[in-house]
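Shared chain: chain A. Partners: chain B in the first complex, chain C in the second.
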Partner chain A sequence: MDYAMCWTLEVGGDYRHSQASRRMLSGVTPAYQGTPRHSVLRVENLSVDFIRGGLGLHAVRQLSYEIGVGEAVALVGESGSGKTVSALAVLRLLPSRTARVSATSIDFDGNDLTRLADSELRKLRGYRVSMVFQDPLSSLNPLMTIGQQISEVLTTHLGLSDSQAAVRTQQLLDMVGIAGHSRRMRSYPHEFSGGMRQRVMIAMALACRPALLIADEPTTALDVTVQAQIMELLANLRKEFGMAVLLITHDIGIVAGFADRTLVMYSGRLVESGPTENVLAHPRHPYTLGLLRSIPRVDRNRRGELPSIRGMPPNPYDAIPGCAFAPRCAWAIPQCHVSSPALEAVGTDWAAACWVKPNEAV
Partner chain B sequence: MLPVSEEKAPVRAPLLEVRNLTVRFPLRAPVFARGRHQITAVDGVSFSIHRGEVFALVGESGSGKTSLARAIVWVRRPDGGSVLFNGVDLATLNGKQLRMSRRGFQMVFQDPYSSLDPHQTIGRILSEPLRVHRVSNVRSRVYELLTLVGLEPAFAARFPHEFSGGQLQRVGIARALALKPALLVCDEPVSALDVSIRAQVINLLIRLQRELGLSYLLIAHDLGIVRQIADVTAVMYLGKIVEIGTNDNVFNHSGHPYTVALMSAVPVPNVTVERNRKRIILVGEIPSPGVTITGCRFHTRCWLRTRLGDPEICTSVEPPLEGRVDHSIACHFTGEVMR
Partner chain C sequence: MAGLLIAIAAIGIGLFANILAPHDYAAVDVTQRFLPPSLGHPFGTDEFGRDLLSRVIFGARTSLIVALSSTLVGATLGVVLGVTAGYFGRASDEAIMRLMDIMLAFPSIVLGIALATVLGPSISNLALIIGFIQIPAFARVARSSTLVVKAQEYVVAARTLGQSNAGIMIRHVVPNILGPLVVLASLTVPGAIVTEAALSFLGLGVQPPTPSWGNLVFDGTRFIYSYPLLVALPGIVLSIAVLGFNLLGDGLRDVLDPRSRR
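Now for the complex of A and B:
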């Protein structure tokens, strides 16, 4: 299918990506260009604390990362590791009453999000950066038809008229593989299956051709065969549009076929980051290594007990003096329990926050 | 207790035998049309589980695996077919006999947060089945159970909210083991847990199975786990088993196009493997069980059928589940799958 067709309907001067779409129409795909030094998002020293009943919870600590133009980056971690919170903090979507967000700078597409006025930020969200969530049913409005919800994005951000928006909505549904538009556009979210709803969410998120798509566990609620469809769709659309994607997931499996780089979070901190190939095949942080070893793999004839990580993730309310993973770590040395290691380069564009940095194959 | 001489059950008889089991649910419909509108969640499923065997049931949501499990533990009486536990048909038992029989098969649920009463201490939760079945020495048995699942006996005095998901699932397993069952029905036992905790609970299940000689009916959508621990695997699609066999056969010599697609859809955390594997991406989603499908129930999404140029038989004749004892497949063109 020719996705580029969707973008031939240019509207006024407001539509910023006309040049890119013209390039696409001429058959040149603006794909990821190697070194991501031309970044779409650069986060520096992001910390998030939640204050509840006088107790402070450090959800994210000193997080720094960068996403290149058109790059696919995976943010991996289990529940409570701070992966979702950090993304919400970047877009200033956390409740200001309970969340204390601080950062040296958050540079998105030439804007410093830490300083940007709310009204300006609102214009960016859904337009230059958009989000897809885990549960499409709760993120869609149950009282509005699918068509109305997609059109709303187009009329709000692109200033399209209703009829223009309707045409474009059809093209968007086409793009995400939903056939039978006119009937589908009049349907309500509950009439769609989980996979179809997620396709609608993706259509809405991509309606304005964002420079960055943040996909938070986009396939967790779906079956594996549908997960494969959605991940393929995301990968194709990303290539077509040269869009950067931040994939937030607890499933390190779906990272391998999708992300250029992988960031691993544990207990609010980035513990390893690097090219996906290196991080998955030869992780240098014991948590990444332990996690990969403990996953039963469908492509292996292995039986019996799995090498598991002992213990459990720390309580986020507890203050941990050293490395948060040390109590569960098989490689821990006395130093690990005393002081927290910073990210240190272990290769090109590859870093691990560990005093030991074991060098073992998965 | 039966005198020894009356024990006629042959030694090799299966622990659990499911024969032609059918589960239907009524659909909401106008009063006059009621009864005609129903969906068949489980459509004539048969299999057996032997002592000490780990039997896995895999399939996507809507395949009927949970309905099947609920019918097997007799939470919901099946609409057809029978369940034989230790050679005894559960339908023939009265309430008291059923309760006695139930001691032999217990269930472990997916979500330990919602399956354990938050108002009761762990000790009370674990002792309830013991008191119902009038087992003596409740307290020592509770301590014994906690130790068995790797928890401290002192935890008996605490409440569920004081525990993590992994610990609660251990409590759920301990509760299921309280009456010394021979069979545990585990419905997605680790899918609600954190990734770094899953392996611990899987290992616990493996250890308990070995040490206590248990049998498991494991319901899971995670094929990695199934490959790791099951002896026999059955793949369900829209209420029927489409492939069943020893793990080696089902995983290494898959004979049903759905099994092949399901396995190819499971992501593997290795870039080289992901790059080099042929992924079969199925079109669409599992159809609603309310829709009548003629012929093979998988034909609407079958990649093999497309490759073979839409043979007529796929849409007209339902393929029977046939083959050998250790590997049966319900596909007209199973010989073409491996090509």
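Now for the complex of A and C:
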């Protein structure tokens, strides 16, 4: 893979700034050309266990999903459902000391990540696939300037000189809506607000125009108005770059306007997956239904108590014979406690892992 | 504050020894032996009639060169080992830290005597030996700080963005663990001064006629009953300098560690 390919499309659409960037653009093919395929990431049977004191904690169980080129997919679930762990496992970022990761295959962009050497995988990280984290306060090195941190990505993956990287960094800051570059580039993270730091993180993640961006609860640490701005920025950049996004969130509210498809995880398993409008309007898994019903709404039920899902998520150390949601499920039938349901199609590109599959409006 | 002043004064005296010293530290005058303190010789003279104040001032230079360069050696090697151990963990951690434990198991002065005997006494060897003795202390602090920094999200983020391990260690880990290391270094300097003095006192360090605080005290012990000032004056200066660097270290720790701030 040629480093120059990363430069095939302009980020800010503006290369007036320097000779250097013009030189970099010349003679470059118009679009990234990998082997033709429809999905950018295809995960098959991903399981993650954490070994602690001889006990195995099943964080992710037999997870399979696929993200199409340029597609926005939301991975939804409550804390501890294995959303983040499954994404970190894909990028091999879990500590090998405690995490046991197994998968039939993880196909990313023509590479099988289960077999790729560490050094090869490192070249992909930040280059073809990037990640934005939940807490922009702690995701930036407090002792390096914003400019240095963005430039670092560029010099690592593209082999740019410091001056080339500086020009490029300005364009990236432009792209994420941070004005006053020269002063901003010399600023330290503590001088930025939370929203601006998250913009910087996005600039770093998108520095090489990755094919896939994994956004791990990118707006959780931000207040609601900034949250909307960041989601809008992500949506715009996604359109502009034609990049796929895996949005990990526990906030179903931000999924609706953003994701093409929604995956719902519970206790390490995928319980429902389908087009976002279907899943949000007519969920076929009781857990999804419960999640949606527990969102406070202005148009309904303002006096009564907010519905919640009763009970607690199962202990991840336990081996559960049946459906993990069965003890909390109002629809549970005896079969649910005995055997675990597999994902079954309930519509086009839409599946739910439930024996009952109740058909109720939210 | 007092520590900072004393440390600056000591370093200043060492730096400008040739300007500050009233006499040539090696000028022998047998007619002027064992003179009591006077205006011409504020600290008096020694058994060869050399001006003791000049010798103490030049001794500061020798002692501080050894103390500071040995701390630099110990800090550099210790940080490299400690960060490597903390960052990679597992086998490398075990290997490095057990090696450090073995080094710590030897009393430092015995280790110093053994190494000085093998390498031979000279100022540069002395700096290397004392630096070597200091490695475990720096390695331990660097390792534990690295364990903290390693778990920070910006290190995970750097890995996510494809940074190499070496790059992460140099650009993200080391700058963020400098605080405790600076404190440790300033607390190590007085120890190094004392170790230098001890080795020189034993004749394994700085060789005469070059003065160091250690060999000044050592030379003076021969006359401790007849002329105790030869031991007392360099000893007092040595003590003040050690105290100063210790106070500086404590002060730096208070400034850099928010938990110990009032």
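Some observations on this one:
One rule holds for everything that comes next: the second predicted complex is superposed on the first by the 321 of 362 C-alpha atoms of A that agree within 3 Å, B and C clash if a C-alpha of one lies under 4 Å from a C-alpha of the other, contacts with A are read in each partner's own complex, and residues count from 1 in each chain.
We adopt the following convention: contacts are C-beta pairs under 8 Å (C-beta built on N, C-alpha and C of every residue); 3 or more make two chains touch, one makes a residue touch a chain.
In this text, all values refer to a predicted model and were calculated from it rather than measured experimentally.
For the composite obtained by superposing both complexes on chain A, the positions of chain B and chain C are free of clash and fit together.
Shared-chain residue A:Glu232: touches chain B; no touch with chain C.
Of the two partner chains, neither chain B nor chain C is touched by A:Arg52. Using the contact criterion defined above for the overlaid structures, shared-chain residue A:Ser139 touches chain C, although it does not reach chain B. Across the overlaid pair of complexes, the angle with its corner at the CA centre of chain A and arms to chain B and chain C is 80°, in steps of 10.
The wider contact with chain A, measured as residues touched, comes from B rather than the other of chain B and chain C. Applying the stated contact rule after C-alpha superposition, one finds that A:Val255 touches chain B and leaves chain C untouched.
Once chain A of one complex is fitted onto chain A of the other, the partner contacts of A:Arg183 are absent, as it touches neither chain B nor chain C.
Shared-chain residue A:Gly304: touches chain B; no touch with chain C. Fitting both structures onto chain A leaves chain B and chain C with a minimum C-alpha separation of 15 Å.
On chain B, the positions that touch chain A within their shared complex are 60-61, 164, 166-167, 194-200, 202-203, 206-207, 221-225, 227-229, 248, 251-252, 261-275, 277, 279, 281-282, 285-286.
Remark: chain C residues 89-90, 152-154, 156-164, 167, 171-172, 175-176 touch chain A in the complex. Across the complex, chain A meets chain C through its residues 91, 93, 97, 122-127, 130-131, 133, 135, 138-144, 152-153, 156-157, 201, 204-205. Considering their complex, residues 78-79, 193-196, 223-229, 231-232, 250-257, 276-277, 280-281, 287, 290-292, 294-310, 312-313, 328, 362 of chain A touch chain B.
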